[in-house]
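What follows is a group of structures, each given as structure tokens.
After this come two complexes, each holding subunit A, first together with subunit B and then together with subunit C.
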Partner chain A sequence: MTEAWPFLAVGLLLTVLVFFLIRRSIASAQDYAESPKGQDLSAALPPESFPRELAARLFGSQDWEFIAKQRSERLKRLFLQQRTALALSWLGGVRANATKLIRVHSVAARTNSRLEPLVEVRVVVDFLFVQVLCQILALIIWLRGPVNLSRFIRYADDLSNQLYEVTMRTQSRPAQ
Partner chain B sequence: MQGRLTRTDVEAAREDLKNRTLASIGLKLGRLLYLASTRDYSTGRYYHDGLTFHFSEEVAGKALAEAHREEFIGLALGPLEDLVDQLQRYLRSVGAEPEEIFRAWEKLEPYRVAIPIDCEPLTASLFLANVKIALAIVESRQQAAR
Partner chain C sequence: MTFSLSIWYATLALELLLLIRALNGAFLRKYAVFYVYVGWVLALSSARLIIYLAEPAYYRAFYWHSQPLSVLVGCGVLWEIYRQALAGYPGAARMARNVLLFSVVMVFSKILVKAWTDSGWRIAETTAELERNMRVVQAILLIALVLILAQYAIPLGRNLKGMILGYGFFIGTSVINLTFRLFLGDSFQKWWQYLQPIFYLAVLSVWCWALWSYQAAPLPATEPKIEEDYQLLATRTRKSLLFIRAYLGRAIRS
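== the complex of A and B ==
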């Protein structure tokens, strides 16, 4: 039983961390919605923050395999250092885009009296899922670099696009 | 209608640019640096006397900007191995002492001017990072060859 304590402690710590991150994201989205900037719904949001080829290049294995062939620890370190910084920027962009979407959505929702609860729940769940997934991926990238993460990144990107589509669909519904 | 006509002109100008000027530059990196050099650094506008003579200044500028962007994206998002090969061949073609070139490229970072003005910032960062890595690889190959 005592062997399980460290795992329980880590699990509890992660749960608390995720809870605070979610609370912070929602609070900042509400603040933004109340600001004049947040009221401007005409600000168009891009369907994708970055081109797909960029993610494929950053998180694929092709360049890493080439670097590994050079047999130089210095080059490997330089490559991982550069790519880790870029990968974290990419994730930051995806998170920022999701936050922008939820802010625009929350402003629109306030003026719409015919909200569909299921769609609203889906928007919030998608948003939280993108945030949590990006946090986990950031931790993985920070620990082991961005190489060979294409599949997970594509998933995060698809999720972000799904959030965009649902949000835009609710935006295009006429307010009553 | 006028917009469509302009688009056709731009396409024709791009074809002309590709066949007359860019075809004589074998390296992708060379083409990128050439296209970047046709841009006025103060205004960001592109100029090319030959193209302006056949088309208008506006059409020539747009054709150059599009060609620049296309060439840049191809290199920035392409394989690192390809960039290393391009850089190695380009530096060899310059004809100066390798140490001198490495020092200048590392300190002055002249490749920064190759980035198009409307480029997505993370793509630009990837290009800069890749050139740094490619430069380190070419330099280490040079040292090993000596």
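== the complex of A and C ==
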């Protein structure tokens, strides 16, 4: 019966995918109808989408050190809870920006007869790495909280970089 | 048996209804390949019904001998979905061609390698296995096509949505049913004779709803003509994604 699993998986995957496509096509039709026409990449992601100060403050130790001095366990717990929620929300925003970027790219590329499949695969790989990195970071933030993450983040970043390099090496043409 | 026969009559009626609606609405030619498939299935099912009622002893043999050809004709539905959905999107169509070609090459390479290394290997021991294997190839191609449509957010009209939903559901459930039938043998036959026609009836109901009147996929007439140079577009997108990665790292290290 183990030989049957791949076939059952293909059948199930297709059945689920077509339902997903129909649901997504209804949702994305609404999304694209709401998005401004003629939007380009730079308009899709203005610099204010990535506020540096907010991120620095969110993950910095400055506020935590102040709270820690208050010697109140309840306050510390509350601070960490709220910081975690804020950090996860910030990360969700970054992910949403990456998704918006790939959507604008796809809308422009789908009508372009000069589209190069291999380059397109690289774009998708880049996008997936951002998504994977965000997922790893979300897990670390959820487990450890957003304060003093540097060591863990370096590990996650190195891991994703190694994965990225291995993937890119498997492709024949050099990355641009 | 009365239940099976009533489902059989119902599927014939729905196939006929599909063709009549397309003729009345003058959109039979718009989806010519799809309606050739529906016409073929209607003719074949009618022939099978006549044999079943007149000479039941020949029915089984006739069913399994005519089924592989029916699966081949079904490839036309895949072609129709590809042709209709990507007509106004040359970029996505180019990507789809490459992905589909890659999928076909991978599937046939696997078959060739298996045939080369395993001396006793045959493409299928039974017609049911042959049908299952052909359906799996169709399923892989349809999965690839659906992923392309999702990635490029190709807008689909009601007709096309129904075609994809119906055929995807049909292929998916056929692969699952045939796999169970092959592995469980005659004990699954009782279920098979009910499940397969019920699922097909559901597919025809979806097609009747979706193809009741003509509603083509929206054309990208007002699509923004941005980033004419594809290389420039791809470079900018990749740079932006790299920027996001760097931003994530910088923000959290701070």
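Here, the second predicted complex is superposed on the first by the 95 of 176 C-alpha atoms of A that agree within 3 Å, B and C clash if a C-alpha of one lies under 4 Å from a C-alpha of the other, contacts with A are read in each partner's own complex, and residues count from 1 in each chain.
In this text, a contact is a pair of C-beta atoms (placed from the backbone, for glycine too) under 8 Å apart; a residue touches a chain by one contact, two chains touch by 3 or more.
Not measured: the values here are computed from a predicted model.
Residue contacts after overlaying the shared chain place A:S72 against subunit B, while subunit C stays out of touching range.
Taking subunit B and subunit C in turn and counting the residues of subunit A each one touches, the greater count comes from C. By the document's definition of touching, of the two partners only subunit B reaches A:D63; subunit C does not. By the touch criterion stated above, A:L12 is placed in contact with subunit C alone, subunit B being left untouched. In the superposition on chain A, no contact is made by A:I136 with either subunit B or subunit C.
Residues 50, 58 of subunit A lie in contact with subunit B in one complex and with subunit C in the other. Subunit C makes touch with subunit A in their complex at residues 88-92, 94-95, 98-99, 132, 136, 139-140, 142-143, 146-147, 149-156, 161, 164-165, 168-169, 171-176, 178-180, 182-183, 220, 222-224, 226-231, 233-238, 240-245, 247-254.
Note for the complex: subunit A touches subunit B at residues 50-51, 53-54, 57-58, 62-63, 66-67, 70, 72, 74-75, 78-79, 82-83, 85-86, 89-90, 93.
For subunit A in complex with subunit C, the residues that touch the partner chain are 1, 3-4, 7-8, 10-15, 17-22, 24-25, 28-29, 31-32, 37-42, 45, 50, 52, 55-56, 58-60, 94, 97-98, 101-103, 105-117, 119-120, 122-124, 126-127, 129-130, 133-134, 137, 146, 149-150, 153-154, 157, 160, 175-176. The touching residues of subunit B, counted against subunit A in their complex, run 77, 79-81, 84, 120, 122-123, 125-126, 129, 132-133, 136-137, 140.
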